[in-house]
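Have a look at these structures, which come just after this line.
First subunit A sits with subunit B, and in the next complex the same chain sits with subunit C.
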Partner chain A sequence: MTIQDDTVRRTGMSVPLAPPRRLVELSIDGETIAVPEGETILTACETAGKDIPTLCYGDTLTPKNACRVCVVELEGARVLAPACSRKVEAGMVVKTDSERARHSRKLVLELLASSVDLSTTPRAAEWLESYGAEPERFGPAAAPAAIGERDKLHAGAHELPSGEAAATVHQPPKVDNELYVRDYAKCILCYKCVDACGEQWQNTFAIGVAGRGFDARISTEHNNPLPDSACVYCGNCIEVCPTGALSFKSEFDRRAEGSWDESRQTQTTTICTYCGVGCNVTLHVQDNEIVKVTSPHENPVTHGNLCIKGRFGFQHVQNRRRD
Partner chain B sequence: MFGAGGGTSSYQEIEETDVIVMWGSNARETHPIFFHHLLKGVRNGARLFVVDPRRTSSAKWADRWLGLNVGTDIALANAVAREIIHAGLYNETFVRRATTGFEELKAAVEPWTLEVAAQETGVPADSIRELAHAYARADRAQICWTLGITEHHNATDNVRALINLSLLTGHVGRYGSGLNPLRGQNNVQGGGDMGAIPNRLAGFQDILDPEVRQKFGSAWGVEIQPRYGKHLTQMLEAMDEGTLTSVYCIGENPAQSEADAGHTIKRLKGLDHLVVQDIFLTRTAELADVVLPAAAAWCESDGTVTNSERRVQRVRKALDPPPGARDDIDIICEIARRMGHDWNHPSAEDIWNEVRSLSPMHYGMTYERLERLHGIQWPCFSLDELEPTYLHHRLWEADPDKRGEPAPFKAVEHALPVDVLDDDFPLRMTTGRRLDSYNTGVQSSGYDSPLRRGETLDLGPEDAEQLGVTEGELVRIVSRRGSIIAPVRLDTALRRGLVFMTFHFPDEIDVNALTIEATDPIAGTSEYKATAVRVERLSRAEAEKGLIAQRKQAQDRAALAR
Partner chain C sequence: MDLRFLDALPSSEEQAAVDAVLGPPDSAWVGGARTEDDLRRAHGGHAARGQRHLLLPVLHAVNDRVGYLSQAALDYVCRRLTVPPAEAYGVATFYAMFAVRERPKKVMHVCTDIACKALGSDALVAELEERVGHHGPRGADAEVEWHHSPCLGMCERGPAALTLEAGEPPTYAVSAPATCEVLARLGGRAAPAAAPGDASANGHREGAEVGLAPVDGAAFTGAAEPAGAAAPPAGAPADASAEPPARTADPSVEPAAASPLTFGTALIPGGEPEPPAEAAVPQAGDPELVLLRRIGTVDPESLDDYRAAGGYNALRQAFKIGPARVIQEVLDSGLVGRGGAAFPTGRKWDATARQPDRPKYLICNADESEPGTFKDRVVIEGDPFSLVESMTIAGYAIGATHGYVYLRGEYPRALQRLENALAAARERNLLGTDILGTGFDFDIEVRRGAGAYICGEETAIFNSIEGERGEPRSKPPFPVEKGLFGKPTVINNVETLINVLPILEMGGPGYAAIGTGRSTGPKLFCVSGTVRRPGIYELPFGATLRELLELAGGAPEGREIRAVLLGGAAGGFVRGDELDIPLTFEGTREAGTTLGSGVILVLDDTVDLGGVLLRIAQFFRDESCGQCVPCRVGTVRQEEALHRMVNAPAGRRTDLTLLREVGGAMRDASICGLGQTAWNAVESAIDRLGVFPLEPAGGSGGTSAGTEQP
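Showing the complex of A and B:
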């Protein structure tokens, strides 16, 4: 919890305090900045007002270093460093926008955009443009896989592509329940959903990574439909998904019928109506109807997590309007 | 026990403690996000003990599951206390300085040797000993409980038995050590904080204290009654006696949530005047003379609620209520106006500021600070400081003046559930919630949960084999008060002799037709957790006939209510 100007009253009792952190000085794009030791380059860059693109980074999760879109150049380093996980060091000289860093990000974005549907990834179009990415240079996109086809691929059984089209993960969305949809044509394999479902938050372990290489995909055990899996529908995977591959069915349906309009939506944070834990729920409302529920990541009660009731149990309120 | 009713620790502390005892709580399903904090603690190295008759999904995370017989919590707690005392593991200094009644406690728990307790509770002696030693030896330890402790005829004694353990070991009043009753509803804690209990005004100020009455009386311009009111169970009794004839019921569905539902409906129908204010036309509302359609407090109005770690948080209006439904404040002010008191329709913040002016423990909680600090835990006496996240640190002060009143041990006696098991009713039925549903289902039935299976009679494979029933088979469940028909579901979490049902689907299967209205004399909670039942096999014809009758009964009940 950030206490800001409030101080905890001294009682003479032991209240654990983290050891004080020294400030570390480093240079970012020629500007000297001081941040507490143990912070990441990404945090330092944000402090310095730099806008670093991120995809697999999650503010509530341990960095996974999967997407490499946040790489920066460090003076004297052989390779580029992922800003999201690399800790600051005294005297570091960071270049966030060097030719080398830009070139690397451009390639990452091109590879992703050529193979994955980034249409609902916030800021993807802007980044593609600003880095001059040309995903179409790999050729026309290969035809989408039939539903379930990619899920049958076994590790090691990869066939050589023809080379005539750019390989993609395009496939129809998986709609197997009324609460949320898995559209893996939009999945960049950042693993955030796996971490949120697994040991970092939910500890349900309903999903993992199946397959290898380009055939790797997020899957339930034995590729079961969600209702036959260990899933408990907390939606904490949706909360961290950076591309919209995982979405509320209410959002998915509205997008399909063209009535999803974020410019007409309000976001209001209130408290869940169910048990006494006091989870903060942010209600996304369009036309006086709740269309999505998230939770503030910096909140000390939830850290962005909810259970099935908090995430999806709001319908009773609007059923009253239809009765 | 300590003066104000609330959990003594905070969620963060459960992540940084050494031993966690979940006693009568299946938080994995009923308080899932609290369980996130608990799992952080487990991953940080805390040992987890789960005390529950069922081997719940919470128990699956435990280092040790203590599967006690329903209603033997005091026997178990007393044995843990005795073991701690006999092993010399109690905190002698803390007990001497900060408590009273140790000798009485010692005498009361003396008969509860590990062997006697093992016999009574069904928990192996080694496990009781292990819990006692782990809890007493830990630097920091937490006891958390829920309705497994409080939905008994001796709820208050059950809680006291757990408090005794914390006082013996000094696991209270320090960071990481405490007692956490997890609240079942989003503002149960806040209702108590605000004085929606029979004996306190806002901020747990005793209504019998003349100074308190004077303070509130002069703020409100009225004289405040110098006596306690009635709790829910006493109100229901007063309806029987004919001394309570008018009821204004806000956001509660007693016609379905109370034990022995048939009796409750009769009482409500016997009232001269019943007003129900709710977001739905509940079964209770169907019985009412006047129904006041309300806005949903959590998303159609502004205000505050308090959670299980005493954190007061802002509730904000995100939606407009349906036509005709009005904010609770608006309705109450309008009623007041028609009764001749114009309160000028204050905003939620105006009312909150009045609370702050009268309740010292809320004084520092301005809306601005609540917003900025993600809510504030009470007490909060000052506008620029925060109190520690745990209560009762004064008990550790070396200076007796600062330490204040010692906390009393309360020796408590084990008493089995009121609904006794015998040859006619040999099975113990206990009730609880499932992850995706909530209480009588008024809210949770509104969404389409893939996890929902409807009401079932859950029983262990041994009992199923003995009864000769299989998964999905319709059986009749009979208690001393009623009978219902439900399908069987096999659950290996249940030991021999223990069956489980929820109460989420009262419109199809009314489980509270079975439960007993034995109540705790102080808290007034009913013994939902312990019903004696038998299970009868049915022929297909009987089952079909019975189901039709059950459905008709439910419809009749609804019609009767109308």
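Showing the complex of A and C:
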């Protein structure tokens, strides 16, 4: 409900059904600000014009607050609070840029960058720089695992490290179908794909988090290939993936051959022609070819979700052109 | 929900294991035979999806019987419970005791954690490598596979090992102190003449009375005096060492469906019988004891004996004064939680009782996994009815009708004793509907953990019981408001709960007179490591560390106490010259350390402290649930940096900075207590013990500054 309320409020696309909410006053970096009751600190910070980095936060999902990059300091609290999920309270004193908050954010970025490939994560390079993160200081990255090796790791046991190399999640991408690729070397384990696939949107439950600790990974049951899983190829996991670990095969191939170039792409939002629902699709076009399809998150009906046809059923457009 | 299954069919063994818990499938929708009837009914909705909480017990059932969870077995479980296979796989792979690959039926867990390490587990492990083969996964054709294990909660007689053998029924053998001889025999293919069962658990085997296990700690350097031999329970009845054989309602044949017991009563061939629970209580029989008074003097398997020794008086008293007064007595007593967080128990109960939401739940946290902690095991093995009674009182006070004991999976004998106690209490209407004619309904269910330290975190227990991965939830909301199944929940540690009995017997103010200031009542301490008489000690709050260690006989002859780890891996070290710290919540806080769960782990000057720190770092790396980044990656980087520091002094200074920075972020930004405390012990070892003294200027430290850069 909250998500829908928020969407409605932000976009004004329909008449809000809920009664107006009471305003709560809090202080953010010394500035007093009033936001509706039940909002998160993150929303309040946005209202106050603060730029808080986020990774696992998704505008269409319930916050998982797993990545901890959005932590802020609350006066009187023993530990830092995740801005993305903590609700505002009257009289709260929030410090978004304190030494402690900056330190934890920097460390989170360093820990991630030293273990995960963040090369396709939007804004990662910018944040690493602005927080002065030096992921190299944990040592050279360990050699990537062979495909499937990380999927066999047993909870509660690991090979003892020598300390000479920094453990990573690097591994070859999983390419087991024609539509999309899972490159788990880029996975920060934000749980968003699992939530989108499961109870929050698609109700397909093709993937889950398996394993534990640093060896936790996103997986189908028994690491079966996607075509043997419950996956329906709606691509709603790709829509919410914050790092590019999940990507269209068309994007993955172009990146591999070096021809992916977002500056040459245009985005056109139109209506899917397959059925009568009328979902919005945003076609990303490069060199007059559709290279991927997204959907506007603020659409009050679909919230960025599509089905296999809207998401991947664009080949006929290009095929016809070639004929 | 869109479930998709493969065509794999479960073996008859796998299906039988699942059906033993859930009953036979009633339609083709859930994996049964297809009938005409199935075409005319739909399967779904809340009824179908509402069985998720049975996932963990069913996974246990299959793992107990077959030894692992095959793809077909998992599919069948998912069909029965309407759980997506990917999620069930995620749950199965979360726990260390489950495997999703075929493996030998016999799996041996050899404790290499701090206390056992101090008692020579390194030597044992090295010997096992030679005699039994390399640790780690083996194929199904091997007889046994063995693993290094985190603390098994048998610290008073380390090094400990637990062997589990899948079958119908599953069996186990506890070896503590373990010798390579015994473990090799346990792991051997050739079964020697049937070994006698645990003396306490075989009422139908006349003449099989076995006293204290012959313990031989001398095989290992650094071994403490064997607990059993060192501590003849003063004042205990003469036969206290041989546990009474009687058990109520025990079928005279091996357990069938009717048996309340999960594990078989026979030991794995080659195993040695366990010493009785009171062997871990050097003070056993002392009339001054409050919490431990029945251990070693009252048969833990007999409800009659328990009642004859004053059992169930407290429950009668509770019924007499009513729920509100019970809460008031607990508030007046000043009792605070004994699990480590020290939250006032009465306030927790009161807040839950006041919630309008129904139903309410009571959970006893018996997932004791903090390295060096073994009090819950000893209490449950030695006096299980006290826990049943105090949970009944707690349930009555807060208005719950359903209680859970979340017992760690590595405690087979505690499980047996508890299952026996629950069955006996049910039979006498001390559990169930209309208890003692008061109209109060309450029952207790045991849920077994499956090898995950994180499941001792209160909100992780909720997820684990609900059949999810045992990952902690964000707080707020707090359990008193939204706990198990989203309902108001009280969750208390075993020791906390059994304190309720003396509170009701002597009244809240009377109880509060024991102890000091904010720390009222008696307290259990788990003394282990290199001391002469390790075990569970009960002292009123206020004693100093020195007094406790004197009671435990101090360090072995000719050795000196170098350090004491207070509170376990999540606690902190103090030096051997800081023994005057009062063992109270305020006293330890003032001294800049913590009481935690009551772990007092002594390390003398022969113990390799660097190795201990590496083990602690390894523990947190293994036990992090992986949900949040600071803990998931931070525990990895902490372990790596410690290996560099211990192995190669070069680069120490930068690694020290690195440890502090990573530790600070873990403490500040982790979701739960595991990550927040994962750096505590290492930090105290550096700051208090000076484990890594900084090299003088120009040394190999990398920089020339005399002080480290934080």
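As a working rule, the second predicted complex is superposed on the first by the 307 of 323 C-alpha atoms of A that agree within 3 Å, B and C clash if a C-alpha of one lies under 4 Å from a C-alpha of the other, contacts with A are read in each partner's own complex, and residues count from 1 in each chain.
Criterion: contacts are C-beta pairs under 8 Å (C-beta built on N, C-alpha and C of every residue); 3 or more make two chains touch, one makes a residue touch a chain.
Computed from a predicted model, the values in this text were never measured in an experiment.
> May I ask you to decide whether A:Val317 touches subunit B, subunit C, both, or neither, giving the answer as first, second, both or neither?
After superposing on A, A:Val317 lies in contact with subunit B but is clear of subunit C.
> Return first, second, both or neither, reflecting whether A:Phe205 touches subunit B, subunit C, both chains, or no partner chain.
second
> Which partner does A:Val301 contact after superposing on A: first (subunit B), second (subunit C), both, neither?
Once the two structures are laid over each other on A, A:Val301 reaches subunit B alone.
> Scan A:Val232 for contacts with subunit B and subunit C and give back first, second, both or neither.
Both partners, subunit B and subunit C.
> Would you sort A:Ser263 into first (subunit B), second (subunit C), both or neither based on which partner it touches?
It touches nothing on subunit B or subunit C.
> Where does A:Leu111 make contact in the superposed view: on subunit B (first), on subunit C (second), on both, or on neither?
second
> Applying the document's definition of touch, where does A:Lys309 land relative to subunit B and subunit C: first, second, both, or neither?
first
> Jot down the residues of subunit A that show up as touching in both complexes, subunit B in one and subunit C in the other.
On subunit A, the overlap between the subunit B and subunit C contacts is residues 203, 232.
> Once bound in the complex, which stretches of subunit A touch subunit C?
Touching subunit C: residues 65-69, 71, 79-80, 82, 85, 100, 103-104, 107-108, 111-112, 114-115, 137-139, 152, 154-158, 160-164, 166-167, 188-189, 191, 198, 203-216, 219-222, 224, 228-230, 232 of subunit A.
> Along subunit B, where are the residues that touch subunit A in the complex?
11-12, 16, 30-34, 36, 39, 43, 61, 173-176, 182-189, 279-280, 296-300, 305-309, 311, 313-320, 322, 325, 369, 372-375, 382, 384-389, 393, 396-397, 435-436, 438, 442-451
> Once bound in the complex, which stretches of subunit C touch subunit A?
Touch residues, subunit C against subunit A: 1-4, 6, 71, 74, 84-90, 93-96, 99-101, 136-137, 147-148, 150, 451-452, 469, 474, 614, 618, 621-630, 632-637, 639-644, 647-648, 654, 658, 661-662, 664-665, 667-671, 676.
> Which positions of subunit A touch subunit B when the two form their complex?
Touch list, subunit A to subunit B: 1-9, 11-16, 177-179, 199, 201-203, 226-227, 231-234, 266, 268-280, 283, 285, 288-290, 296, 298-303, 305-310, 312-321.
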